[in-house]
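Letters A, B, C and D name the chains as they come in the text, with residue numbers starting at 1 for each one.
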């Protein structure tokens, strides 16, 4: 939340028209900055000369809160960072603490975790697709996407009693056993998704306006992605087949057969295609996990009072938006000494300026959409 | 009194007053139709609360807009800010003067009717440009700049498409165009062995752009410029802009219907045996279905007032349907029916686009306009001219 | 946590090049951790990127240990796409002591260092634009320091900018 | 050539138009008129808290162990009790639950050893005052009063 460095050549009250440059304040209340992001644009006509992001409007001090809560008590708070993919956040945090505790998680719990995180990935991508299309001016996909997302949220609601900020996992495994029709619901959702993805393709993929609006917009090459630390679909759309689920498998992802979709163009259209295919791959994983769902306990050997030995661990998972890392430092007490979250949205957003320079105002909107940020996670 | 009634301008004046009084309500219902159709396209219900199925929503909206606080930005150019919605609304409503609603319902049949409509829609852009500029907001300014460029670019293909149709009809009078289509026995869109389809499609595209409708709604692109030129407007001033936008849609659609789709003519105007099924049975059946639909909805309404309203609506539709069975009444209103029916189809088309397509980007909009629409429309004009010359002599 | 010495060519090469600058190379719970002295931190990070292929800076953060003589742990987490390897580089800094910025090596360090500065007041030397990122510019204090209470806030700022008494 | 024809025939656009057109079937509508038609809520739904009484004796199940208050991340539960001199057990005197700070994480419910505290399916928790969000023992046992819906 800092003042911008993009001061215009002359800011003289009403005389800004004399200069060729225009400083446009986009946000924090703007229809397409996805929350309370404020982007200060320096424009020449409609061409973007530079951007400056002002963030922090949603800063709630999650990392500070962690220091004042016990390990279990902090778990619900991580759901409120990337609230679109709360399950992934919870998984990352639980895994980090489990790493500190060095506990074994039962097979069944792992499997259910995989199913729920993949469902959440689909839900997160659906929300991204809807809002991204809305930013580009297609107003129908958002409703269709919410229709499908609703099915995921229903599964979450039936499983753990909450739809958005689920708090589905607990340190050491799961709190809730699956409900009766869990497997059936998951498979039914996969069937539904495969049918509906076709509808999205009909609406958008072939559409010439959509293709024109997205092709060549917001290019971030593989080199730039690495330099800016950009991960997730953005990196994969640049041709790097890097996915933590494959690179450093966790939760038993090595057992499932799936592909990492990649594209070479590194532009908005390619990211769109990558995410669309990721949804299909997630459905594939869900089907396999449901088929292989073992029986057994759902919680590992974890004491009621969690008190990890002094030490530190960095655990990262492939969240829908990229690498989500938790760096947890324990001093041997009941409360974590420090929890550092490595949020994918925050790091990816830093590349906005690089992607925007030289494009048009309308592209800025498309690029913010394609980065797929959640301000709850950017600001924490 | 008798002298007054004998005044030749009296019907025109009455029509003008009726249009000015009724159109805001009609615009309100077009908005409702837009919301309902968009809701249908988007698997939603749409407005459902004010009246049964939201039929009273336009009245509620109008009431709300009227009593809303009127905000004029502190550093705005007050007079121009005040003036621009008026300019927009005035020009849009003026164009109604030459619309041939039927062979007997129109304000004036001037021999330059089409030119008048094009002129009015051009001046309408001025209201948008001034409104955006005077608000002294950067978003509004960009919106009005976009509007200016867009209007200039898209008026050219619109003009060419219109000229092609005029050439085909041989007159600039709106009524004359329809009469010419009646004589030739074919709608403008299918004239010249179907070659007129090209200007028809171009007219629809350019007309969408001319009225700032999606996918060409850049001046008010919500996701980029918040609301574009009317970002700073609120309350009734904003409503005037809204009214102007919908008036422009009606005007452009009417122009399209007149030039290309036979105006108030029924389909196949020269096929005599279609007279009964199309002119009597079709409208009667249409209104009967609507009326019965409303009556079917009566028991589902929980509130008594809503039940009465639905009942009244249903009976009203049935009565209108019955009207078409009376030969004298049928003769009087069938032209109006066909005109409004075609207009409704056009407006539906406009809404349908909006519900489906993403928005163009500014430079792509210009590309499409200058590199595709203008050459195509010029080509259409030339080819149609040659065909006409060769065939008609 | 189980800790084992980290053997291998990488720590050996680093140790050979920087000598005493390297304070330790351990596998902490299986995770590679390199502890370095502050003066050699910049060199080690540059060497890791250029000679050992750690081309992705995952995170820069700090941990505050107020009772220590040098109260700040600065942590860099690096990843190598080629080797699929992740290491943590850790150093300590005193309050107000300049820590070398790695913005020249990794673009991602820009915002991450700004955040560490914002939250801990760690000064990154060589950062092109070191200003607060999450908190308002004029905010007093560094929230993630241990002495900063969980309910504490800059009351003066809140009064002046939000025109309310503290919300807490 | 085929592509050129496709470009001029606008097939891609027509495909999109057809997709939205198909959606107009009334049976495809997914939204509902909320207060009139109420969504079914899952059995495990974490909504308004309830303090359960024994179904037969209608005495509270709560044993004033304070575990829920300790489990709560927001520390919004206050359990007050007094020692019963006869039974030597703690008797619940009051139990306040500040819903305005609750994030419905379910940790209190998990912590309760006797299933006294439970998060129910009731999700309509709006009140006109902040104080109305603080529920006391009576409110927790009886549930919120039936509301009138105006719209």
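The rule we apply is simple: contacts are C-beta pairs under 8 Å (C-beta built on N, C-alpha and C of every residue); 3 or more make two chains touch, one makes a residue touch a chain.
Only a predicted model underlies this, so the values are computations on that prediction, with no experimental measurement involved.
Engineer: Please flag the chain sitting at the greatest distance from chain D, going by CA centroids.
Structural biologist: It is B.
Engineer: Which chain has its C-alpha centre closest to the mean of all protein C-alpha atoms shown?
Structural biologist: A
Engineer: How many angstrom lie between the centres of chain B and chain C, each centre taken as the mean Cα position?
Structural biologist: Taking the average C-alpha coordinate of chain B and of chain C, the gap between them is 63 Å.
Engineer: Taking each chain's centre as its mean C-alpha position, how far apart are chain B and chain D in Å?
Structural biologist: Centre separation, chain B to chain D: 48 Å.
Engineer: For chain C versus chain D, what separation do you get between their C-alpha means, in angstrom?
Structural biologist: Measuring from centre to centre gives 41 Å for this pair.
Engineer: Please tell me the distance, in whole Å, between the geometric centres of chain A and chain C computed from their C-alpha atoms.
Structural biologist: 24
Engineer: Residue numbers in chain B touching 2 or more other chains?
Structural biologist: In chain B, 41-44, 355-357 touch at least two other chains.
Engineer: Check each residue of chain C and list the ones that touch at least two other chains.
Structural biologist: none
Engineer: By the touch rule stated above, which residues of chain D touch at least two different other chains?
Structural biologist: 13, 16, 19-20, 23, 30
Engineer: Going by the touch rule stated at the top, which chains touch which?
Structural biologist: Pairwise, the chains that meet the contact rule are A-B, A-C, A-D, B-D.
Engineer: Quick check: in the complex, which residue numbers of chain D touch chain A?
Structural biologist: 7, 12-13, 15-16, 18-20, 23, 30, 41-46, 71-73, 103-107, 110, 119
Engineer: Considering only the defined contacts, which chain A positions touch chain C in the complex?
Structural biologist: Contacts found on chain A: 1-3, 5, 55-56, 59, 61, 63-65, 67-68, 99-100, 102, 224, 226-230, 240, 242, 247-248, 309-314, 316, 323, 325, 327, 329, 337-338, 340, 342, 346-347, 349-351, 354, 379-380.
Engineer: In the complex of these two chains, what residues of chain A are touching chain D?
Structural biologist: 69, 72-77, 80, 140, 144, 147, 150, 154, 157-162, 165, 167, 175-176, 179, 199, 202-204, 206-209
Engineer: Going by the contact rule at the top, pick out the chain D residues touching chain B in the complex.
Structural biologist: Residues in contact with chain B: 13, 16-17, 19-21, 23-24, 26, 28-33, 36, 151.
Engineer: Under the definition above, what is the set of chain C residues touching chain A in their complex?
Structural biologist: 1-3, 28-29, 31, 55-59, 61, 63-64, 75, 77, 81, 84, 86, 88, 106-108, 110-112, 115, 119, 129, 131-137, 143-144, 146, 148, 150
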